[in-house]
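As written, the chains take the letters A, B, C and D, and residue 1 is the first residue of each chain.
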Amino acid sequence: MSGIPAGVVTLQDYEAHAAQALDDGAWAYFSGGAGDEITLKDNRRAWDTLRLQARVLRPLAQGHTRSTLLGHTLAHPILLAPVAYQRMAHPDGELATAYAAAAQSAGLVLSTQASVSMEQVARAIVSDPGRGPLWFQLYLQPDRGVTQQLVRRAEAAGYEALVLTVDAPTSGARDRERRTGFKLPVGVRAVNLDGLPAQPPHQLEDGDSALFQGLLAQAPTWSDIEWLQGITRLPILLKGITHPDDAREALRCGVSAVMVSNHGGRTLDTLPATAHLLPAVADAVGSSLPLIVDGGIRRGTDVLKALALGARAVMIGRPYVHALATAGALGVAHVIRLLRDEFEIAMALTGCATLDQIGPHVLHLPAPR
Amino acid sequence: MSGIPAGVVTLQDYEAHAAQALDDGAWAYFSGGAGDEITLKDNRRAWDTLRLQARVLRPLAQGHTRSTLLGHTLAHPILLAPVAYQRMAHPDGELATAYAAAAQSAGLVLSTQASVSMEQVARAIVSDPGRGPLWFQLYLQPDRGVTQQLVRRAEAAGYEALVLTVDAPTSGARDRERRTGFKLPVGVRAVNLDGLPAQPPHQLEDGDSALFQGLLAQAPTWSDIEWLQGITRLPILLKGITHPDDAREALRCGVSAVMVSNHGGRTLDTLPATAHLLPAVADAVGSSLPLIVDGGIRRGTDVLKALALGARAVMIGRPYVHALATAGALGVAHVIRLLRDEFEIAMALTGCATLDQIGPHVLHLPAPR
Amino acid sequence: MSGIPAGVVTLQDYEAHAAQALDDGAWAYFSGGAGDEITLKDNRRAWDTLRLQARVLRPLAQGHTRSTLLGHTLAHPILLAPVAYQRMAHPDGELATAYAAAAQSAGLVLSTQASVSMEQVARAIVSDPGRGPLWFQLYLQPDRGVTQQLVRRAEAAGYEALVLTVDAPTSGARDRERRTGFKLPVGVRAVNLDGLPAQPPHQLEDGDSALFQGLLAQAPTWSDIEWLQGITRLPILLKGITHPDDAREALRCGVSAVMVSNHGGRTLDTLPATAHLLPAVADAVGSSLPLIVDGGIRRGTDVLKALALGARAVMIGRPYVHALATAGALGVAHVIRLLRDEFEIAMALTGCATLDQIGPHVLHLPAPR
Amino acid sequence: MSGIPAGVVTLQDYEAHAAQALDDGAWAYFSGGAGDEITLKDNRRAWDTLRLQARVLRPLAQGHTRSTLLGHTLAHPILLAPVAYQRMAHPDGELATAYAAAAQSAGLVLSTQASVSMEQVARAIVSDPGRGPLWFQLYLQPDRGVTQQLVRRAEAAGYEALVLTVDAPTSGARDRERRTGFKLPVGVRAVNLDGLPAQPPHQLEDGDSALFQGLLAQAPTWSDIEWLQGITRLPILLKGITHPDDAREALRCGVSAVMVSNHGGRTLDTLPATAHLLPAVADAVGSSLPLIVDGGIRRGTDVLKALALGARAVMIGRPYVHALATAGALGVAHVIRLLRDEFEIAMALTGCATLDQIGPHVLHLPAPR
């Protein structure tokens, strides 16, 4: 399980290897989606369905993939999305992922539910001069004190931004996972939450709605964003914005960036593919608010299309976990490199020498009828 | 066959179990549709194809799923559609279904062709304070006296409304069922029709159309609705309205509600999916006439979409029969609970705390080209 | 091979039985199409894709399926299309087909390439009072004398119209058939052409186009229609018209009716489905020229849709040949009866009591976006 | 492996035989495409999806398929596209292809990377009076001296035009090929490049983009076209133009013709099908610049559609290589003949006697909604 298997030449080639390497429950947890996985499949298909327009004989010398984001220079626009419990995929877990990200200059967003502590991850790569951005993902916990402790630790450890996930006040029904009877294996847990107070269960009365009277009674709202801004000077990104009005509200709130995401198809099935959501969000907030998109990005052409539709950067999730399960840090690094190489070919063949030459014109739109 | 099988976490998971539990004929009868089952499949696919628009950070505290319909308070907008001969699925038949409906506060529409008498079903649940609406479905029989007897019995037994099925003056060609040579098993029959006069067969002349000279010679028309209104004070609902003009006529007649239904794809193949029919009907009668929709509802997201398109409530048919065949009353109750739970998650993730916050805006429409 | 097999309840159910009954070559000949069989499949799919609009509680008493066509009363609008070499499907060949057509009051169009003589077929049914129209199909032969002989014989035998096939100046590339190395079996031939002079082969020069210098050098044109009208008083129908301009030209020429046909997908692949061609042809010639459509009609709903789009009648081809191969005359009669029964159900459930109540309004069109 | 196998009656029938005849690597090399092969499949499907409009009874006598292109008379509009390393498919390689092309009067475009020398190929057919055009394909090499040597040799050998491939400044990621670990077999090489200086590898610095700092640093631009025009009097065609603006630029540069090509789906995946690209290019340059199209042409109907959309001729690639691998020169000749025969049938059945009667009107467009 240590080297890159023969014949693996694309991100998706890791999938079959990961399915072999993981037990049924872990495979369902990492690769499954909500409901009938319509959104999960749509995320992929939507990128595939977009068509590119080739250009020829344009000047490509001095081309590169550099840009800046929240003041950080990006060598390329690929980030690793927050994924929980990575030690379930590989003994080194998030640590392997972090080393690979740094080696390939990819941004890293660590999950609150990481199975390696946020301090250990940060320590491993924070002083690597070639690394990309290092961000910490969190949920607003019903107990603000808990949230505040997590924020303080993230600041202390050297994380450069907070990524607040706002699209999951309740977790979705991941039916594939439930059918396997998935449980976390012994020894894998959300170590960052060790020692924090558990949430008191709400007392239900007969006939009540379990959901509305329970979990949702304390679901966060826009006012909680203001509170969070008040307790930290780290830039705040909102992950899970897909409605133009929510993006406008995020802009008004003064957040630093927005992640257009449907949570990888893991919360509510039949949400649109992010490729279909991104244009309206980009229209709504223009260039005032940097957009990062995830969901189904598997190909360099997908990265190009995402940027053409208005994103500044993309995140990948499942592909690097599949590579982690297959080949550890080496696999994760390989995946980032493959995606970047494919992206550069896509730029060249559409005649783009730099990221700012990428725009809607690289997409081929069917002629109106 | 008594408990809920392992791995059943959605309505559709019951399907394979029911296919095992039932013999070929009964399976074809309950699950089959007319013709090539194009409408049957379309009903499902149409809900799947609609896309939802997530919203974030909206106030969800105090959320609930309550509404009122024909003066009855509904705990949630899920009803059980009339299905004939349920003792073919389970020895307890309609009685098991009724207990489950009452336990889960779901409305129940009993079929004229029930295999348990309407009085026995009503007696079982009519005084349960937590139950939902209790309605009786009927066809207009060629002999008005027969119809009148059924109405009197329904009134006496405590049924709160009459659901008149108007879309089946002839039964459809359910070819799958016919290929199995399906016949009702010994001991299962439409007990509510016991002792009522059989319809005299029409004498056909050579070369005549069997259908037009036979059954259809006495097909009911709009004037029969007036007659029915004249003999009962129960609210009358029409089941099987799909054309806006028919909905307008129903409104003019003063019926209490309309069920937008293509009979679950069991009458005429290539009728549109009800999800495609509902909007024009809703446009035609606005909020003047409550609409209930059935056909292919399998997911909480489907319920949300139905309400977004103008329905006040939904009915499910095959899913609860599959659960009945698999696990009796327990299965039926499980199905209602699963659907309600999924519906609440869908409400929460689209930012709806109550039913009246559900509207067309929860649907994501593709940008016009 | 004599009775109707168990489980055959639709036209398409005969297909598998015919595939068994016929050898590979005959099966490929009867069921195959041109090229990749895209048009063959489209013909079917196009009817399936159209959606009907149900209507309820309309007066259906006194309904019937009668109409008139070229002065003949049709009991129902279903005709049997010309199909060559039917003795390859069943020893009784066209004779069995003719008896079945007459018994079910369906119109019959006999192929020039019938394997039973046109006189024998006519003799069998011409004086049956319940029969439908009896027409003779022919191609314009390069030698006008040959054509004239065929016309005289058709007149003498009692055929009531001539159906001139105009869409096949060259036969299509039926690749499936060619792959089997299909040849007519001993004893099956186009008996109507016995004793007629064979067409002299054209001398090709090197590098010439085989097709244009050969067969097409004498392809018939519109002026040949005038010639044909000059030698007979039988009504002339043109089979294979699909372009509105060709339909207008046919009207100007004074032909009696037009068959909108792509030759069952047997000539040029990727021609549109006839369901997609019919509306523009109907628009072009309005009610001035009766239209008959064929291609993929398998269901009563297809018949209803064809009439809704402007046809006065429909023809079926492969389905009755499949039934002939499976069960002889009994099978052919069964197929006609099944289709008529399904058609009557479709009329009833869309609220049409007579053919003249069928119109575009029975089709459900998706709302404009 | 010498004769045409039984049952091969279409171009695509050769595919399965070639898959058998070739080893995995060669098969992947010849038949594979870039990425997920979406463009590869789209190329095919796009032609299939277009619908033709049949016409009847039009004058077809004196029909033919002749035209002129760059002053050369074409017996028919089918050319063989440049394909490298054909000795991998058959020991005779490009020589067999050339003989077949000449015998069937098809144009031949020899690849720079041919495995038989350009002089040997030209010598074999240049004085055949029945042959079609003979053109040489080349890439602009970073070292202009190398390019100039190739041009001089092409001129000397009798090639009548230069086909400059402009859509591949970097080769695409042909993942299927890479998964097989494909390497050229011993004895097969690009013999035309023997003795020419190899390109010096660029020195990469750490963290640099391999692609932009390497290969693309010397990618050709429009100014290189002018340089090429300055060193030869042969007509120059640009292969790989798909954007209307690039076509306009090509026209301004004074090139003789343009090949609308996505490199057979071998460079960048998710480029549109050429059938979808051709119309806008044709609109942009009108009749001023002859257009040749390739990509997915497998049927005579595809050729007709390509001409209807504005092409003067078409090229085929994989089909003739599959035939070469299966049956050598005989196979290649067979493929050309099959395609031409199918094309003539398609012309006849759409009522076109000559190429100039082919236009957009032979396509059937769906009615606007």
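General observations
The rule is simple: a contact is a pair of C-beta atoms (placed from the backbone, for glycine too) under 8 Å apart; a residue touches a chain by one contact, two chains touch by 3 or more.
A quick note: this is a predicted structure, and the numbers were derived from the prediction, not measured.
Mostly differing positions are employed by chain C and chain D in their mutual contact, as under half of the interface residue numbers are shared between these two copies. Chain D has its Cα centroid 60 Å from the Cα centroid of chain B. If each chain is reduced to the centroid of its CA atoms, chain A and chain B end up 42 Å from each other. Viewed as a contact network, the protein chains form a single closed ring in which every chain touches exactly two others.
Against chain A, in their complex, chain B makes its touches with residues 6-7, 9-10, 13, 48, 50-65, 75, 105, 130, 299, 301, 341-342, 344-346, 348-350, 353, 364, 366-367, 369. Across the complex, chain D is touched by residues 35-36, 38, 166-170, 172-173, 175, 178-179, 181, 207, 209-212, 216-222, 224-225, 238, 240-243, 245-246, 249, 262, 267-272, 276-277, 279-280, 368 of chain C.
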